[in-house]
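This report refers to the structure that appears directly beneath it.
Order of writing sets the chain letters: A, B and C. Residues in each chain are counted from 1.
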């Protein structure tokens, strides 16, 4: 006969063990992050100096720098943002404010959420066929930016949609009551109100574009670029691709250079993400 | 998902960024007096698009880097699609210069003619295509051409090192080689297997020789081949194999490559330039620099410079 | 959605212009999908004029770039499968366990640390995971299991598992936090331990959300390119052995695009055929995952 007391004791013990296991699993993530960061810091910090930021890549590890990669990334991000932000916000505004709830609208919404799950390299294939070849834009920043825009638009649209949805209808109806037209309402009340949420979404999408490399393997980057781009039609290289190129070099020095570049990229991304969070927290308003 | 971010996190990040900036400041060496570079002629500017062989890449990269110091406004982009990949773009006018570790094929030349692309073929150096094993490999010293053929031919029955020579370990050979777009690949298969592209298919291919170096360096029982320069740069990780073509084992060195005794794997490597590109001042300047001052860099990178007379000959082709 | 009856509001001309522009922006997404499908479909069609679908799907050798090309895609599929299995083996247990811990066991102070850490992990670019795989995991694996090749599926799989774990964790956590408190408290009232409540109440309730998170994470792993290109190898091998070099569907696409094969050749079309296959696999998985959630939502409303 099982002793009730022991039975309960055992249940508690099993629960305790499970608790520890679950906690352990969560801490694996911290552990991994620490291992990765410490390796990067140990290897890479010796290369982080002013020259690293102002040099071009070189066959010598000590003379290599990330200047063209950073400038290329900047160009790519600015161009991508310019293309994708208006279209994404417009699409989100349409879906939330103008569209009627019919099959067509639902179809568009499902389509967008499916696009968000398409592998990034498939966007690369599309970019290669359409922008590089069919439109003849070649392996230029413009092709890269267009391809990246396609990649991040679904994310931006969904984030903007959510931000717009948070605006309570009472605000809209108040505007209509004062005689404002639909567009005036959207322009003056809805979008400004949803702006923090939209901006958060934009920043997160942009940081995705900054770190993404697979589509650019197909659409763009060269192994060696000697000057900075001066127009959207120029050839380019970006941070993740530079890291990829350096990573293939077997010498230990170049592995250290790679680590340094990764550190810079991660600090950049971290800063972007923090900015997004700060915006989200500071401007977030709950509506009664 | 809302998440409150405590002030603690923000300050942690700020500290991180300050740390990075401090590191930058600490690591920046005191500015050393830089000697004046050779006085520049009228500033050239323009773009040069180069693609092709990964074997030739180190030379082009080195020369482009030095050329840039004199002419910083010339934008040089270099890709490594492989000799074949480079020609595919070159013959349809997408690139100005194509690096090649083998001469252009008739079929490729025909495409160029079709597209009205006139070009100049320039020899730039000698390469000793080198066969490599892992540094810890203590049993392989020499391989005969016949053994190489046995290992690499299609339908090869060789799986382990023992299949090559009975006294060698019974361990599977891990094969690494340039991919099908590589001129090195073409040259090796032509010389060792008797036909371009004739090769077994279960090896790890890459157009980027660095990937092959890493592969061989990481596997005790590996075997691979690529340009000599990639060996020179990684002597601490790779062991070079002497090749016996019937006249005794020859190790690739500057001398044996230059005088051809390292056979059959000594070969010239090339640069092809379109006439249209040469008509541009900055491209002409780059190519001229390549064949004059640039030749010093050839040996630094690990290839064998041609005889001075030949360089002069090649330069003459440009007029 | 606006509650005002739209018919009663006449749109002025400028309003109409604005409306049309916004509509165009939304419809653009449909064109993107069409663009993807078309660019893949047309070239895939050309591919299947040279190679039979049967040979493609059942052939055991993938050597499209060689002299006597073989177009059996199975080695690429086993390559993707091997890496994905390793990744799932890591991400699913760790992700689910983290989710359970975060939603059921963890004190709020710990959550404040763990959740940002998970978000940081999720935001790390895939190329960095590639670095992690090649330079940290591979040497370790080679020491632990001699005979591990330098380019192997396991390293890539482990790194990938860590990359997608936050996805599993956050989606599962969302699912778990949607369990009505009343149900859970009912369990506690009956004297159940936390583990028992989780096992018999929370998990079954959140089951569809959790399964959906698994499917989405796996779909993400299948579509990932950089980690496998850098660390898993370029040798299509028909094997499930994670210690050897393989090539995945995505790595092949990356490789084929570098060489830039001549237009119009079968090996050129092979890139698109593989792209099409990849698109179909990930699309159906995503569709399935969303359907699970959709059906659950309908169930709740009913």
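General observations
The rule is simple: a contact is a pair of C-beta atoms (placed from the backbone, for glycine too) under 8 Å apart; a residue touches a chain by one contact, two chains touch by 3 or more.
All values derive from a computational prediction rather than experimental measurement.
Taking each chain's centre as the mean of its CA atoms, B is the chain most distant from subunit A. Set side by side, the interfaces B-C and A-B show unequal numbers of C-beta pairs in contact, with more at A-B.
Averaged C-alpha coordinates give centres for subunit A and subunit C that are 16 Å from one another. In terms of their C-alpha centroids, the spacing between subunit A and subunit B amounts to 35 Å.
Of all residues in subunit C, those that touch two or more other chains are 119, 258.
Residues of subunit B found to touch two or more other chains are 3-5, 9, 211, 214, 217. In subunit A, the residues touching two or more other chains are 248, 270. Against subunit A, in their complex, subunit B makes its touches with residues 2-5, 9-10, 13, 16-17, 20, 23-29, 47, 49, 57-58, 60-62, 64-65, 68, 72-80, 94, 208, 210-211, 213-214, 217, 233-234, 237, 301. By the touch criterion stated above, subunit A contacts subunit B in their complex at residues 45-53, 56, 58-59, 138, 222-227, 234-235, 248-251, 263-264, 267, 270-271, 274, 277-278, 280-281, 284.
By the touch rule above, subunit C contacts subunit A in their complex via residues 1-4, 6, 9, 11-12, 14-15, 18-19, 21-30, 32-33, 35-36, 39-40, 43, 93-94, 97-98, 100-102, 105-106, 113-114, 117-121, 123-128, 130-132, 134-136, 162, 165-166, 193-196, 216, 219-220, 222-226, 229-230, 250, 253-254, 257-258, 271-272, 275, 278-279, 282-283, 286-287, 290. Per the touch definition, subunit B reaches subunit C in the complex via residues 1, 3-6, 9, 81-82, 84-85, 88-89, 154, 174, 179-181, 197-199, 201-207, 211, 214-215, 217-219.
On the subunit A side of its complex with subunit C, the touching residues are 11-12, 14-15, 18-19, 21-26, 28-30, 32-33, 35-36, 39, 86-88, 90-91, 93-101, 107-108, 110-115, 117-126, 128-130, 150, 153-154, 157, 169, 172-173, 176, 181-183, 207, 210-214, 217-218, 240, 243-244, 247-248, 255, 258-259, 262, 265-266, 269-270, 273.
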